[in-house]
Each structure stands twice: as C-alpha cells, then as structure tokens.
C-alpha cells in the first residue's frame, strides 16, 4: 500500500508530505496542543520549508506543536483565533517577522467551512462593532447588523484522526475533531495521520465523521505525544467529590 | 417519562405536537417518502391545522407522506426542491391554492443550515443565470458570479431518527439523515420520532449525529410504513450480477 | 449507424477515470453504473447523502432507508459513508465531485445547460441539477442529439430555462462525442457510420471535426 | 462586606436554570460548574466541540483528547456529544446556547462588553469570546466591580476594544448584581453590608436601585 499503487495510503509522513514547498498555505487541525497532527508537524520542521502561512486555531503553544515551526523561522503569517500562551508567536509578531490575522473562533470555523463548501462569503453578527469588522462590509439583515466574511482555503491540510480507512474515511476521538473535518474540506490536499488504519468497511457508513473524498493521503502513526496543556484532575469519587 | 417531569420525552406524537396551530411553518425531514416522520405527519393530518407552510425537499409523493396534508387542504405554501411524482401538489399549484417556492437542493440545504447557524445570508454560484437568481443580488467573488441567498427558519421541525436518547441526541439510519439534522437546527421546536429510545450514555459521544440541544421533544415510534418509492433489486450474486 | 442507448451509456462510462468521485444524474446517466468494472475504485456520490453507492440490493438486502437520489433502493459498498444534505452539497458546490454525468434537454456550445424544465409542461423542480451542473469539476451530458420533433439539442444558445451557465464540458449523443468550444462544438468522436454532414445537419451550432 | 470570589461564583451559578445549555468562559466563570448540583440537568457546552461536559477527570480517567476550551482535561457526562467547530459555533451563533457566563474588563450600561484585549498589553486573541457574547441568548458577566487602580469596570461607554455590542444582560461583581438598563444600570441585588453609596461611587454610569 503506497502512493505507487494509486491508493491513498503512504508509508511515512515524509512520503505523504513530499508536496511541501516554500510559501505554502497550511491548515493544521487541533485545539491548542490537543488533537494535533504531531508527526506531520515534525515532518514539516524536518523539511525546513519556509514562508509558510499557518491557518490553525492556535499556532502551537508553550514552544510545542506548531510553535516548533515558529522557532525554526519557517512561518511568515498566522491566521488563527487565539495566541495566548505562545511566547514564540508573541515575540515574532512583536518584532514584525510574523503577521497575525486574528478571527473570532466561530467566524474562523465558518470561513474554513465556506472554503470547503464553495460558499463565496457569508454574513455573521459576530464581530459587529469590533476591530474584526474594520474594513469589512456591514449589512443589516432581519433587523440585525452583520459582518461580511470570506472563505478560507489552503494548499494543504494536516489532521490527526483516531481511525482511518484506505479510502480516507476518518473518525476522530472526542474533542480532537474540532477544525479538522472543516480544514480537510478546504484544502487542495489533505494528509491524515491516523492512530489506526483499517480496511474499507471496518467503519460503518453511519459512523464516518469525515467522508474519504476529502482526504487525499493517509498515514498510520501509532505513537503520539498527546501533550496535555493543563492536566486538571479531581480525586476519585468517594475520596471527596470535586 | 413525559413533558410533566420537565424532560423531553413524550408518550405520543399527539402530545408532542400539542403546539400545532394554523399558519405554522413546518420543516419536515426525509427525501421523498424515505426517512419521513410518518407518525408526526399523521398527527398533523389528524389535528387538521390549516394554512401551513411546509418546508421539505419534496412535499410527499404519490399521494403519501406530506401529500396527505395536501389532500386535506391543510397546506398554503410549499418550499422545496423537487415536486415531480406529486399529483396533489401539481394540481393545487396549478389551480393556485398552494404556492410553491422551488430551490436548488443544495441551496435549500444551505439556507436551512444558515437558519440554524445564525448566518444572515450567503453567496452561492448555484443558480446564476437561471430563474432562481431572478430578483436576487448577484455578486462577483473570486472571479465568479454568485447569488445571494437568505436563511430559512421554521416554527416546528419534525424528523425521524433511528435512535434517540432522553436528552434528544439522535442517530439516523443511512440516507434517512438528509435534511433532518439541519431542520432540527433551524426550527424553534423540533419533535423527533425515534425507532428506539435509549438512556443517555447509550450513544457514545462520538457517535451522536445530532446533539440533543437541537431537539426539544422526543417520542418513541416503533412501527413505520417505510414506504419504498422504487423498489429496485438485482438477482442474488451468482444468479447473474447486475 | 448511430449508437444505441447502451452504446451511449458505455461511452459515457469511458469518461470515468480511476479513483474519481462521480455523480450520475437520474434516468439514463444512472445506468452508467452498470458499465463500470465491478472492482472499480470509482466512488459514486448520491446527493441525498451517500458516497460509495453500490448496485441495487438483492431482495433480502432491501433497506427502505438506503436510496439514491432517484428514490430507488440501493446498497452501500465497503468504505461508503452517509451524511446530511448540507455536507452532501458542500461536496458538490465545493468542487469535490470530479465528474457529473447528467441528462440534457439543450446544451449550448458555450457550455450552458438546460435540463430541468420545459415551459408549458408540468413543473417538477430542479432538485440537485443546478448544484451538480454548477459545482461538479467536470460535467458530461448524455442526451439524444435532436428532439423528437427533429429540433437540435446541441445549440448556439439555449432556448429553454437554463440549469447553469458555462458548465458543460462534453456531450455524448447517439451520433458522437462533442466538446464545447465557445462559439462552436468540437466533434471528438463519431459513432460508426455517422457522417460529418449528418452531425452538422442535426446540430444548431457550428461543429468542427478534430 | 462584599462577596468573596466563591460567593460571586455561587451567585453566578444561581443564574443557571434547569435544563439550560450553558457555556462558561475561561477563568472564574469555569468555576461556576463546581456550584451546580451534581444531578443537575444543565448541560455545559464547551466551544471546542463538546456538549455535556463533566467534571475534571480522576487520574485514571485523563484523556488528552478530551479537553475544554481552556485546554484543561475534562470528562463527558452520559448523554454528551462531540462535534466539529463549525457545528459548535452554529450552536452559539444560532442562539442554541441559553446562557454564557463570561469574564469582563468593562461592561457598559448599554450592554456593550469589552473582555478580550487591553491596548499595549500582549495580544492574546479573542478566541470564542466574540461569538459567545454576540450569540448566546443570555450573557452574564462575572467580574470585579472596579479595576486594580480603582477605575470603574461598569461604565457608561466601554473604553477598551469591544467584544460585542448590546450583548450583556447582567453583571455580577463583589458588590452585587446589576442589569443593564440602556443609560443606567439597575442594581437588582447588593452583597450583604454593601451600601448604595459604595456602589454608586465605584460605578462609571448611573445606577438605579430596585
């Protein structure tokens, strides 16, 4: 199973990411450091491609995840919603080496969905009267002010899924779904790293989270760091409930 | 389990539809006669409420499904995408007793989603240069003409699901999902008739098709007619493949 | 001798490339599925919410809640997926469907398509036709070359209400295969025994022969 | 004697009605969950894609891929559901979240809210704050009554960059509970021992006492 047989399954993330080039627009799924396509991010770091535009809710955090690409000075522009807890991004934003375009998180998600769904633009009430609306069309619809927002697309999306089949059908685990299905729709090529690769049919049609036509390349990556940003726990029940 | 205990589970569809009134805008899930909320439709027929606006991809077919409401002269207006094979609708449309608003099916789906997602309007390339675009704003975006489309909402949505829990979480079977999750989002009240009612937790969080916050009322309806419009079959494999 | 219906469908099936996502319109185009290799890695998309559509079911496989856009009972192949209509049309509108093979009433050499309604006839609605015509990456129309009254269906300008503009890439008729060329059609293939004259006579726009 | 942090959080928890869908902002509002009855039928929404969020996990329940919007590990209650960010914000923008309890920097008596950035300070981004403020059916802000320098945080007009306009319904501070009234605040509850004078002095807009 490899690219050579016309299929979607690649042996390594480096193979699957042979299309990397300078200046690419890359969407990266995950929320903070959770649900990241860790192996793909490492492969991008290894390849050293530069001038990247990273479209991701955060751009890594605490020096990890996509922040590694910032450390490597591979990133020119970040389109995101939240950059707190990311000293590398803060530093490069302040010294002017990285541009940052902030979006309200829901607008960010909807713009990516629009990019994947062929929607030319949409009106949202989010952001009216704020810096987000500056320079954008405002329109009253049904008695409420709305901001006009445009779709987001990318050359490449990298996502992590819990299970994937050879046709690219994916299932995500818990809150690691977040932006990944949307990004897969909105990129010319989507590479999915899956914890477990299965045969077509192993996932029931009703259980597919992301249909395979949105995924061009699949790689099985069994080991993930699964970094936890804030490990909050409670005592066992009986030992005093939280 | 009933409305009385503050929960969402109702004993009968008639109870769940106690809110019916003349002039209501009702969204009805299903594609043709497949995946219809059959018991809810029958209850609406029994109640005899009039001047309804029905928002459904078809409005029944072959005298069945929502076409029963047409026969009963309960419908004033239909918003849909396809009305072929529906003599009741054709007749009442031609004699002017029922208004019909036709939408391209994808625009129809997206308008309903917009209604549920708080999107004030969107631009789509579908319909440019056709009757669908008449009287609507046309805008060039990214070098392509787009039509401006507005959200659709309703007072009530009726949907059928395969499994539902007491919190309203739903799973649909195969192609019966179609418009139902979107309609549930876009209506003030959604009534779901489910083949099987289960306890919360019986559906894994990752397996929920429609989160329960979109469903206000749930009724278990074990028997469905499951009308098939075109029963197309092939011989058993070995007896000559299709 | 012009092509039979089956010949036309077979020729349309030859338009399908390995690994493509294909949507087959209601009617004649649906039959294209019968001419794809059984082990094909092509995936059929049905706009009512199914990717990986299989053949008609055997009697004991019939599931009333597993149908195609023509409301016929179908099956799901291994690796199929089901989804809601918003996602299904996101696939179409977003350019994720590689090929749509659709029926036609009129195709103009500009690529304009009319295939959803005839004024004066009972209206049926456009269903998913406008989305497919406007959204699929490649649109191939499968239709007769002329109407029953002999009127050309390949024309310089559509006279019937349009389904979408500048969307058709290729037309397959009983006389041959025609690509749209802006102000003319390009005949890329003729059915055996069909002459250039016959095609030119039956076509309402200039035809170039390649 | 003004309310303690815990008093404020407890008072905010009293805003929650049976059966509601509630989103709790990062920081102090997150703690509201601790004051909801364990058998509550309230469902907590976390905008990163979880409805039915439960308490922090025990050590052996920790799942790195089950977090809240503050990136803390959490659990899923029976009947929980997970979904993508487009659907999660469709819930918020579409008015399906009954109540958002958010932190604040400034609230105007017009309902305008500023809570995402302070010019000159390190920018962190708005995350989901603007969507929640603009989209939730009811917005309650939980914040201190005045800034550390004594400047009022309940004002006639926000001076900091806005998060959303005319969105806040109620503000809970250590001094009491205040509803927005257009050109004034309405004090609907005072913390024990807090006088009207003290409130009026610390508020940058007229206050009516109910």
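In this document, chain identifiers A, B, C and D correspond to the written order of the chains, with residue numbering beginning at 1 in each.
As a working rule, a residue touches a chain if its C-beta (ideal position, glycine included) is under 8 Å from a C-beta of that chain, and two chains touch if they have at least 3 such contacts.
The shown structure was predicted, so the numbers you read here are calculated from the model rather than taken from an experiment.
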Chain whose mean Cα position lies farthest from subunit B: D
Geometric centre distance via CA averages, subunit C-subunit B, whole Å: 28
Whole-Å gap separating subunit A and subunit B, where each centre is the average of the chain's CA atoms: 32
Length of the line joining the C-alpha centres of subunit B and subunit D, rounded to whole Å: 36
Junction residues of subunit B, two or more chains touched: 110, 113, 117-119, 124-125, 172-174, 177, 205-206
Sites on subunit C at which at least two other chains make contact: 50, 76, 82-83, 86, 89, 92-93, 135
Chains touching one another, given as label pairs in label order: A-B, A-C, A-D, B-C, B-D
Subunit C-touching residues of subunit A, taken from the complex the two chains share: 6, 113, 115-119, 165-167, 169, 185, 199-201, 203, 205-206, 208, 211-214
Residues of subunit B defined as touching subunit C within the complex: 31-35, 57, 61, 80-85, 90, 93, 100, 102, 104-110, 112-113, 124-132, 172-182, 226-237, 241-242
Subunit C residues within the subunit B interface of the complex: 34, 38, 46-50, 55-59, 61-67, 69-74, 76, 82-86, 88-89, 92-93, 112, 122-131, 134-135, 161-165
Residues on subunit C engaged by subunit A in the complex (per definition of touch): 18-19, 21, 41, 43, 45, 50-52, 76-83, 86-87, 89-97, 135
Subunit B - residues contacting subunit A, complex: 110, 114, 117-125, 139, 141-142, 144, 146, 150, 171-174, 177, 205-207, 209
